[in-house]
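Here is the structure we will look at, set down as C-alpha cells.
To keep things simple, chains are lettered A, B, C and D as they appear, and every chain counts its residues starting from 1.
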Amino acid sequence: MFNSPVDSGILNLPRDSINEARYLGKSIASAVHNKIKDLSTLSIERASLRMLGIRGANQEGTPWVNIFTEKCLSANLIQNGVLMILAQVCKHTSMNPQQAVEMVSENRIHLNDLIEVNGSKEIKKLCDELANKAYQNLSNKKKERLNFINTLSSGTKPYLYVIVATGNIYEDVKQAKSAALLGADIIAVIRTTAQSLLDYIPQGITTEGFGGTAATQENFAVMREALDEVSQKTGRYIRLVNYCSGLAMPEIATLGLIEGLDIMVNDAVYGILFRDINSLRTLTDQEFSRRILSFGDIIIVTGEDNLIKTVDAKEMAHTVTASQIINYYLALKSGLKPGLIGLGHAFEMDPSESDSFLHELAQAWLVRDLFPQSPIKYMPPTRYMTGNIFRGMVLNAAFNLIGVLTNQEILLLGMPTEALHTPFIQDRFLSIENALYFKNAAGNLSNEFTLKESSLMRKRAIEVLNKAVNLLKVINQKGLFNALAEGTFASIKRPENMGRGFAGVFVKGSSYYNPFLSLLPDNATDETEA
Amino acid sequence: MMFLKPYGDTLNDGAIQISFSLPHPLNETSKKVSLELALKMGIANPKITFTQELGEGFSFFIIYGNLSHEIDIDSIKTSKVKEPIIDYWDINRLIEEKFNRKIVIVGATIGSDAHTVGLDAILSAKGYAGDVGLERYPVFQVHNLGSQILPELLLEKIMDKQADVVLVSQVVTQKNIHIHNLTQLVELIEGAGLRDHIITICGGPYLSKELALELGYDGGFGAHSLPSEVASFIARRLLEKSK
Amino acid sequence: MMFLKPYGDTLNDGAIQISFSLPHPLNETSKKVSLELALKMGIANPKITFTQELGEGFSFFIIYGNLSHEIDIDSIKTSKVKEPIIDYWDINRLIEEKFNRKIVIVGATIGSDAHTVGLDAILSAKGYAGDVGLERYPVFQVHNLGSQILPELLLEKIMDKQADVVLVSQVVTQKNIHIHNLTQLVELIEGAGLRDHIITICGGPYLSKELALELGYDGGFGAHSLPSEVASFIARRLLEKSK
Amino acid sequence: MFNSPVDSGILNLPRDSINEARYLGKSIASAVHNKIKDLSTLSIERASLRMLGIRGANQEGTPWVNIFTEKCLSANLIQNGVLMILAQVCKHTSMNPQQAVEMVSENRIHLNDLIEVNGSKEIKKLCDELANKAYQNLSNKKKERLNFINTLSSGTKPYLYVIVATGNIYEDVKQAKSAALLGADIIAVIRTTAQSLLDYIPQGITTEGFGGTAATQENFAVMREALDEVSQKTGRYIRLVNYCSGLAMPEIATLGLIEGLDIMVNDAVYGILFRDINSLRTLTDQEFSRRILSFGDIIIVTGEDNLIKTVDAKEMAHTVTASQIINYYLALKSGLKPGLIGLGHAFEMDPSESDSFLHELAQAWLVRDLFPQSPIKYMPPTRYMTGNIFRGMVLNAAFNLIGVLTNQEILLLGMPTEALHTPFIQDRFLSIENALYFKNAAGNLSNEFTLKESSLMRKRAIEVLNKAVNLLKVINQKGLFNALAEGTFASIKRPENMGRGFAGVFVKGSSYYNPFLSLLPDNATDETEA
C-alpha cells in the first residue's frame, strides 16, 4: 500500500549516474555492515530482553532491563549476550524471565554465583525456546495490527502526517483525535527534549514533557488505543509514529513492535550529528532496530531533512541525496523492503531566493525518481517560517502543491505557527485544510506534464545527483565513519571514538549468542533489489 | 495627548482580528462564549467570521471587531534610546587599552535544549546576517560549548576558563523549561560567589531584555539579535565595571 | 459552575492570537503600544510574533498570548432553543387551511446594493444548498424585485401587491449603509400605517437576528441561512398573527 | 510593455476552432457596430464637451455638461450634436466654451433664441478648431504621462493590482501609498455603490462612499498626484485604475485621459447584466469611450470575471471565453490595439471540487493562448472565499501560482478578508507578500513544461473552446443584442428596449457633427489584426 505509483522518472536522469550512485551506496553500506557485524551494544541487549516481554522498573524508575544488563556488564559477562545469561538464571532458578530479571536486578540473585560462563547447548536451547516463543508472540501482535488495518480504509496518498507534542500524553490524545477526525492519516508523537540522550526507556504514563512527550511503552499504548478508537469511528486507519532513535534505539523499535506503531523515525546519522551520539554505537543499534522494524512491517522514515536545517539547503542539497542513498542501502542490508524505507527530505531552501520553488520542485522529483518503490516523507518549511502565520500558510501551500505534484507519499504538514510553538489544536486544522485542498484540487496534476529538454529543473536535479555521486565516491573511499568524523554532513564533525554511548558498545565474545539475530529478517533481499 | 488604536481603513475604527479555540463543542453556547470573550477584551461589535468544529469537544473561532481600547502615546516610555552600537574596531581598541588581555567568553545552550543555530549565530566567526560573530573579535576568546550542557557543567567550565562573560541560549520554552533552566544557572553562579565577577547574558527567540533582567541576568537578546549588538553590550559593561 | 477560556494545547492556557495595524510607523513606541493594547484586552504574556512597516506611517502586528478572561458557561443564555423547522408540506397545508389564499411576498435588495445572490438563494425556486426557495411553495406568491430598489419604490410595491411579507437583503455594510437603508424602510412602512399588517424580514451575511430586532424588523437572517428556515419563520408568524 | 512574451500556445489548440472563433467574433462585432453606428447618447455628447475642457457644476452639484446637454435635448437640438450647438453659442456670444456652457445652463442664454438649426460651414469650422485645440491639449497630457513613465521602471510582470475602497479619497491615498511601497504595481480605486447608475459625473473631492469612493475628476487628480509621488520615490511607475462603465462611461473615459489614468475597467456587458443598463445605450457609449481610451494609450480591462460570479463557473467557463472573443473584436473595432485589450477572467470554480486546480489552470492557459498579444487580467477567488482568512491565504496562493505559471500579465490580488470587508491596510500587505513570493520563487515555471498528449487540462481547454465556438455561432446568428435579451450570459435577460439610460440614446440627425469622431482612432487596425 505504500508502494509508489510512479512509473518512469519525469526527470529522465542519466542512467550512468544512477547506477554509479547505487553501486556506491551498496558498497558504503557493506563496509558499515562489516565494521559493526561483530559488535553489540547495551541497548541491543536490553532490546533483546524486551522482546522476551520483560518490562517494568524499580522504585526509582530504572527499568529492570537496564539494571540486569548493567549487572551482566559489571559481572563481565556481557560479551556472551544477555539472553544466554538470563537463560542460565532461568534454568538455575526455574523462574520465568521476568522474575529472573527482577531477582537479579534486586540483588536477590548474584550473577557471579550462578553463571557458567560458557553457555551449554542446553542453555542455548532454552534461549532458543524463549526467543521462539517471543517471536511467536510478536508475530501475533503484528498480525493483529495488520488484520485490523485490513478491515479499514487507508486513506489516500499523500498521507497527511501531523505531530502532537504537548508534553502530556492525555492532551496529546485530544489533539491527535482532533487531527484524525479532521483528516490526518498519520499521527506522530514527538518526544520530550533529550530523551534520545537517555540510555533507557522511561517508565509509565507521563504528563510533563518539554517540546514533546516521553516515549514510553505505556504512552504508546494509550495513544494506540485512542487512535484505534478513531480509526474504527472514521473507518480510516490512523497510523501512529514515534522516534526510533537515540541511545535506546533498538528498545524503542521493540516497543513499537509490541504496541502496534506503524512508522518510526529512524536515522542513526541524526543522532550522530545532532545529539553527539557515538557513531559506532548508533549505527550498530540502527541495524538491529531496523531488523526488528522490518520484522514488524513498520515503515522507517529517515532524517535527511535535518541535514539542511543548519547549512544552506540549496548548496547542500546533494548531501541529502547522498545520505538517502546510503540510508537506503543500509536499510536493505537490515532486511527492510524498499516499500518500508521512507526516505526523508524537506522544503527548506530560502524562499526569498529566486527560482526557489523550481529548486524545491526539482529536488522533490529527484528523490521520487531515484526511489520509485519507496514511500517518501516530505518535510515542510521550518527554518524560514516566521511569526507571520499568514505567510506561513502560503509557504505551506507551496510545499503541499509540490507534495502532490511530485507524488510524495507522506506529507508532514507544516504549521503556520512553526516559528512559535509546538502546534495548537487549531494550527493542525488549518494545515490539514490546506493540504486537503491541494490533494483534492491538484491531486491529478502529476500526470499532466513532461519537462522540456531545456528545463532548469532537470538541469538542477542532474547537478544535484552528480554532486551526490561525487560525495558518495569520497565517502566510499574513506568509509562512512571517517566521513562523519570529517564533517561531511551538516558541517559537523563526529569522530568514531567520541560521543555519547560509546561505552555501551562491545565486541561480541566467541560464545555470544542471541537467537533473535537469526530470527529477525536481514539482508536476504539486498541482492535482488535495484 | 495623542491616542492610538487599531486601524483598518478609517482612523480610529479600531479594526482588530482575533482567533482562538475553545475546549467545547461548536454550538450556540460556545459561539456565545466566544463573543462574550471578545466583548470582555474590549472588542465592540464582535463578529464571528468563521467557526470550525475541531474533532470532538473543541471548536475554533475567528472574530473581527472594533477595539475600544486606546493608548495614550505620550504615556509610552520606550526603554530609553537604544544604546548605540560601538563598532568592531572601537570595541577591540577600547578593551585592548583597558584590559590588555583577552576577554574570556563561555557560551552554551543549557539543559536539554539542542538548538545551537542561534548561539552559533552570535559566537561563530561567520556570524549572522552579514554581521561577524564574537570569535572574530581579536579581544575575545570564545569557548562555544555547544548544546545540551547542564547548568552544573557550565558552572564548572566558567570557573575552569575563568570566564568574564557567559552567554546562554534557550529556545525550547514549552512548560517554561527555559525559565527553569535559566534560573537554575543564575542560582548556581550566585552560589559560587561569581555573580559580581561575570557578565551574564541570555538569548533566544522568545527571550527579551525585560525577561532577562527579571531572571537576574545582565542582558537578554531576543529574535533577530546581531552579534555586534551583543559585542557592544559586552564592551560597554566591561568598561563600566572596570571604572 | 464551569469556566471556559481559550485553549491551545493545555486546558486553561488561554492561548489566543490577535492581529491589527496601527496608524503609526513601526518603532519602539508602536511596538510598546501594541503590547499595551494586548494587556488592556486581558492578554497575559503578550508576545509580538511579527511586525511589518506598512509603507509610511502604518505598522502591522501579530501577537500571541494567554487570555486571562474566562466565561462562566452557566451564565450563557443561548437565545432559547432554535424554533424547530416546520416542513415544506406542513407549511403549505397549515397556511392553506388557515388562509385559503396565497401569501404575497415581496423581496428586494434595497438602496444602492446590487447583491442579489443571497436574496435569490432564499426566493428563487432553485433555492440554496439543496433547499428549495420560497417560489416553490404553492402557498407563496413571490415577487422578487431584484436589486437596487429604493425604499420608497419598495413601499409602493408593497402597497400595490398588498404584500403580507417583505424580505429585504443588504450586503454592503461599509459606513453602516445597511443600517441606514434598513431603518429608512421600516420608517416608511410605519409611516404608511402598515407596520402591523406585514411581516418584515431582513437578511444578509453581516446581519443577525439580534440586529434585525433592534432595527424594528420581525426577523433577521445571517450568513448561510436556508430558505426553509425563512419559510418556517414566515409560517409561524402568520399563524400566530391570525390567532 | 504590456505585450505578452508567450510565443506558441502550450495547449496546442486546434487551429480550426481558433479560426472559427475569430471569424465569429469579428462578425458579431461588425454587426454591433452597424447597429450603433448611427446612434449617439447623452453621455457621448457630455464627454465631447468634457474633451473641450468643460468642467464644474452648479450649486446643487449638477455638472454644467449635464445641464447644457439637457437644454439641447429639450430644445430638440440634440440630434445635431452638442458641439455644433456650443460652437454656435460661442460664435454668437464670443464667449469661450466654458462660459458659453455655463451661461446656457443658467438660462442666461436660451438656445431656441440663438441657434441656427443647421450648422453653417463656419460653425463647423469653429467646431473643428475647438476640437483640434482640445485634441492637442489631450495629446500633450498623454505625452506627459508617457514621458513620466519612461523616466521610471515599470516593475515586472505579472503586475500586482490591488484595490482601495475606503469611501474616503484621503484614506484611499494612505492605503494606496502603503500598497505601492509594499510592492503593488497597480492601484484601482473602487467606486461607491451605484455610481454606475448616475447619469453624470459627481463633482469634487469626496470622503463618503459605500463600498468604494466616488469617481470624480477631482478624486482622480488627488490619487494621481499621490501615486506620482510614490512612483518618483520608488522609481517604479504606479499605474492608476478606475471604472469606465455605467451610464457616464464616455465621460469617465475623458476624465481618465485628462487625469492620467493608465487602465480603465471597461465592459458594457457588465452594465447590461449587473446594473440593468440598456444595451443599446451602453454599447454605443462603450465604442466611443474605447476610442478615447485608445487615443489615450489607456489599457482597458474587461469584466468577464463577473459572468461566473452568479452561475457555476466550471459549467459556464465557455461563456467567459465567448465574451472575451466578442470583447476583443469590439475593442479592435474601436481602435484599440491588442496590447491595450486587457481581457478579464477569474479563478472562481468551487475549490472543493476535485481537479478544480487543473480546471483553473486549463482556463488560464486557454485565455493566454487565445490572446497572445493582449495583457490578461486575472481575477482572484471571491465567491468561495469565507471568513476563514487562513484558508483565504491558501486559495490566493493557488491563484497566484497559476497566475505566474500561465504568464498572466495583471494579477488582481485576492484578499484574505474578501468575504468580510473591503480591504484593510494589512490585508493588502499580506496579499502582496503572497504574490511576490510566487513571482520571485516560481516566476520561471512557465517555461519548464509541456503538456502530455493525454493531459486532462488540454482536453478541458479544448472542450471549453469548442463550447465557446458553439455559443458564438448562436450569438452570431441572432446578434448580440438578442442574445443578451435571451439570457445567454449569467442567465440574465436584458431586452434591447429596456433598462436604464435607454432614454439617453438618440439617432444622430443628418446634420449631426462631432469632429472627435474623426479625430479619435477607430477600427483602422481591425483588418490587420488576427
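One rule holds in what follows: contacts are C-beta pairs under 8 Å (C-beta built on N, C-alpha and C of every residue); 3 or more make two chains touch, one makes a residue touch a chain.
In UniProt terms, the chains line up like this: A, D = D-lysine 5,6-aminomutase alpha subunit; B, C = D-lysine 5,6-aminomutase beta subunit.
It should be emphasised that the depicted structure is a prediction, and the values quoted were computed from it without experimental measurement.
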{"item": "Contact-richer chain pair (by C-beta pairs counted) among C-D and A-C", "value": "C-D"}
{"item": "Taking each chain's C-alpha mean as its centre, the one farthest from chain B", "value": "D"}
{"item": "Whole-Å gap separating chain C and chain D, where each centre is the average of the chain's CA atoms", "value": "34"}
{"item": "Distance from the mean Cα position of chain C to that of chain A, given in whole angstrom", "value": "52"}
{"item": "Separation of mean Cα positions, chain D and chain A [Å, integer]", "value": "59"}
{"item": "Interchain centroid distance [CA atoms averaged], chain B/chain C, Å", "value": "44"}
{"item": "Junction residues of chain C, two or more chains touched", "value": "7-8, 11, 15, 17, 19-21, 52, 58"}
{"item": "Junction residues of chain D - those touching two or more other chains", "value": "388-390, 419, 421-422, 424-425"}
{"item": "Of all residues in chain B, those that touch chain C in their complex", "value": "4-8, 11, 15-24, 27-30, 32-33, 36-37, 40-43, 47, 58, 67, 69-71, 73, 76-79, 82, 206"}
{"item": "Chain D - residues contacting chain C, complex", "value": "165, 167, 174, 177-182, 192-194, 197, 208-211, 274-276, 309-310, 419, 421-422, 424-426, 429"}
{"item": "Complex contacts: residues of chain A adjacent to chain D", "value": "351-358, 388-391, 393-398, 401, 416, 430, 433-434, 437-438, 440-445, 447-452, 454-457"}
{"item": "Interface residues, chain C side, partner chain D - complex", "value": "19-21, 52, 54-58, 60, 111-114, 116-117, 146, 148, 172-175, 177, 205"}
{"item": "Complex contacts: residues of chain A adjacent to chain C", "value": "166, 168, 171, 175, 386-390, 417, 419-425"}
